[in-house]
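Sending over a structure as structure tokens; questions will come in a sec.
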Amino acid sequence: MDHRPQAWGRPRDDVYGAYDHSYMQENGPKQNTQQPIVTGTSVIGIKFKDGVVIAADNLASYGSLARFTDVKRLRPFADSSILGFSGDISDMQYLDRHLTELSLSEAYESPDKPRLNAANLHRYLSKLLYNRRSKFDPLWNHLLVGGLDDNGEPFLAAADLLGSTYSAPSLATGFGAMLAQPIMRRYVPDEESAKKLTREEAVDIVKEAMKVLFYRDARSLDTYSLAVVTKDGVELKEDEKLENQSWAFADRIKGYGTQTV
Amino acid sequence: MFRNNYDNDSVTFSPQGRIFQIEYAGEAVKQGSVVVGIASKTHVGLFAVKRNAEELSSYQKKLFEIDEHTAIAIAGLTSDARVLSNFMKQQCLGHRLTYGRPMPIHTLVGQIGEKAQINTQVYGKRPYGVGLLVAGVDENGPHLFEFQPSGMTEEMVAFAIGARSQMARTYLERNIESFADCSKEELVKHGLRALKESLVQDKELTVENTSVGLVGLKEGPNGRPSVEPFKLYDGFETKEWIESVSESQGGEGEGEGEGEGETAAAGDGDGMEVDS
Amino acid sequence: MAAMFSQNPLMNGPNYSFSDAPKTARGEPREHAFNPYTDNGGSTLAISGADFTIMAGDTRHTSGYSINSRMSPKVFKIGGTTANQDDATIVLSVCGFAADGEALRDRLDTICKIYRYRHGKPMSLNACAKRLSTILYQKRFFPYYTHAMLGGLDDEGKGAVYSYDPVGSYEREQCRAGGAAGSLIMPFLDNQVNFKNQYIPGSGEGHDLKERERRTLSRPQVETIVKDAFDGAVERHIEVGDTLQMLIITKEGIEEVFLPLKKD
């Protein structure tokens, strides 16, 4: 056994095999991000008549390991918009620092009222993401931006690591696009129905969708953040617990694991 | 003979704490023909007298659109103004592209201010020989800014720069209370009257030599204010306005013979190619 | 024994001072995991008439089997003086990778604006068409992954459509369908717009058959053809649907129409 300090804390080759050098090369050509490392799962959002509700759980996974269980993935901007990040957590933190700088310089220019609204912010971020993908050095995130647009109407849009953008009455990233989006679309199939939805209804729908995500998404957590944005600002709760969970259905699921019947 | 040793470059202070080259650049502004700007609660107007270097030549433009929500009026070296205007156009396009919104006027003016200041602190550079009035609207409403070759910028309610502009400023000061609630039409009348104050004795406002530019806010589709894009009025579009002020002017009866100020500025097309 | 910690370079014998290209655990070169492109589906269609052009596209935005948005237009007005493009005269449609499409639209629009600053007049359609080709070719080795089309009126006031490949080859055409269902719509257009394979019944046998007389189409006829083409595409292609966006360019300006399509 090698007890030299260089060997401390390293996995033994005879047990784990040789280290795969493609992951960490100390010298050699610069390599850009090829895959996300610590990741956050779905973010979901829905528009209602006076604003937007958005939610994401507080988990940061390292592969299949639930690595950090208290990571806030919703970020308010200038108390007038909200951002939800899924994907790489370190890229999220980079963007967070970047946005802090942006909001400071904006506040310096115009201290009285925020001027970069959600629509402006979304355009800025999508340009940023698109520029990075064009340099083959992507920021590995898929994000939702919620708030109000130039006309004071509710605004909800997505931007991803390729710079793709789209907007809809309800949106979800990652697994949420498969699991939560169909539920939300039942309530808001189009803009007209989003205009009729009340705040309470929207929050209930999002909570319901978060529950389904926790049931079915293996990389999810039952502690989550939920934000409501209206013209009065952002109300962000970062320590919500999923309520009324019922695992009764689990009994009826067959064909997995150690089940024998 | 007395010789000023402190005006050989634009970066050296005189013992009195002055930088002469910057002051000389300020003189270039005073040789350009007069431009006036007035802001109300809803609109900003820019007004200019255009000069022709000689009878046979055309009139030199004074008002330039920068983006749909902002425009400038220039007094001084036209070629320097073109550099600044191209820069401002690019910045506005870039801002729209990255943020999807019109450039805030304060930010835009800050950028040219910074650009001009560099010329006063780096050896071998020359200050811009042009002054600007920057008019525009943004989410905080209409704005009017003054820009000087020193890099100085300041927000104004109403202002005039260029030859004999002191007369126009005096007129504006006398009427400052009324500007805020002016309609578009009233704004134009004030602007043209201010211009007239600054004209040399036997010169008149004509459809050939007068430019009017307006930008403002209008009622949007859902009651929110939206931008009424900058519009430049030249030639016959200004006819009725000019006629309307020539009548009322007679009524007010203000024909004091303004003596001073004529000396340096009055001459059309002297020496340097100054604005117009 | 110490050799089991093989990452100590000194123990592995002489080596280059930099490591080789990324390898997988099995020693094979590892592929770049990042792919800068995706396909957002959708279809576009352009038909030029005697004094008008119609540019159309569906508004669905997809990723794989998911519908991201049901209202994400891919037909844009270009080169107006204001941000809302009220006085625009040229229309660009882009299909394929939507982010590239929007970047291309922004680029072309900015160029049209700068042209206006410099020349004091709007860009003509054929100048704009040529410029679009050079923009696309500038990115020959990292292309905008889009099928672009440009529509408007030419210098004589006739309807004109230009269509492009992703790297800038272009051609003026009577009509063109592009995108996901391009290959489904194009044969329909050949038959309905250019009267291909239409013969006068009973006018002869085999080669003696007489072709049906070719007529220029009126605006209502073209609008019907566009709607029918998309109804057909929606039926057979999963990436097409939701809403049909139609921009009709005439000398009076550009009219925008939205018509419902199947949402399934």
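When the chains are written out, they are named A, B and C in that same order, and each has its own residue count from 1.
Please note the rule applied: contacts are C-beta pairs under 8 Å (C-beta built on N, C-alpha and C of every residue); 3 or more make two chains touch, one makes a residue touch a chain.
What you see is a predicted model, and the numbers here were worked out from it, not measured in a lab.
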Overall pattern in which the protein chains touch one another (line/ring/star/complete/other): complete
Chain closest to the middle, measuring from C-alpha centroids that were averaged per chain: C
CA centroid of subunit B to CA centroid of subunit C, Å: 45
Rounded Å distance, subunit A centre to subunit C centre (Cα mean): 31
Rounded Å distance, subunit A centre to subunit B centre (Cα mean): 49
Shared-contact residues (touching 2 or more other chains) in subunit B: 97
In the complex with subunit B, residue positions of subunit A that touch it: 109-110, 112-113, 115-117, 119-120, 123-124, 127, 150-152
Residues of subunit B defined as touching subunit A within the complex: 97-101, 104, 106-107, 110, 138-140, 220-222, 224
Subunit B-facing residues of subunit C, complex: 81-83, 106, 110, 113-114, 117
Residue numbers on subunit B that touch subunit C, as the complex places them: 68, 89, 93, 96-97, 102, 229
Contacting residues of subunit C [partner subunit A, same complex]: 1-2, 4-8, 17-25, 30, 32-34, 36-38, 40, 61, 63, 66, 68-72, 97-99, 102-103, 142
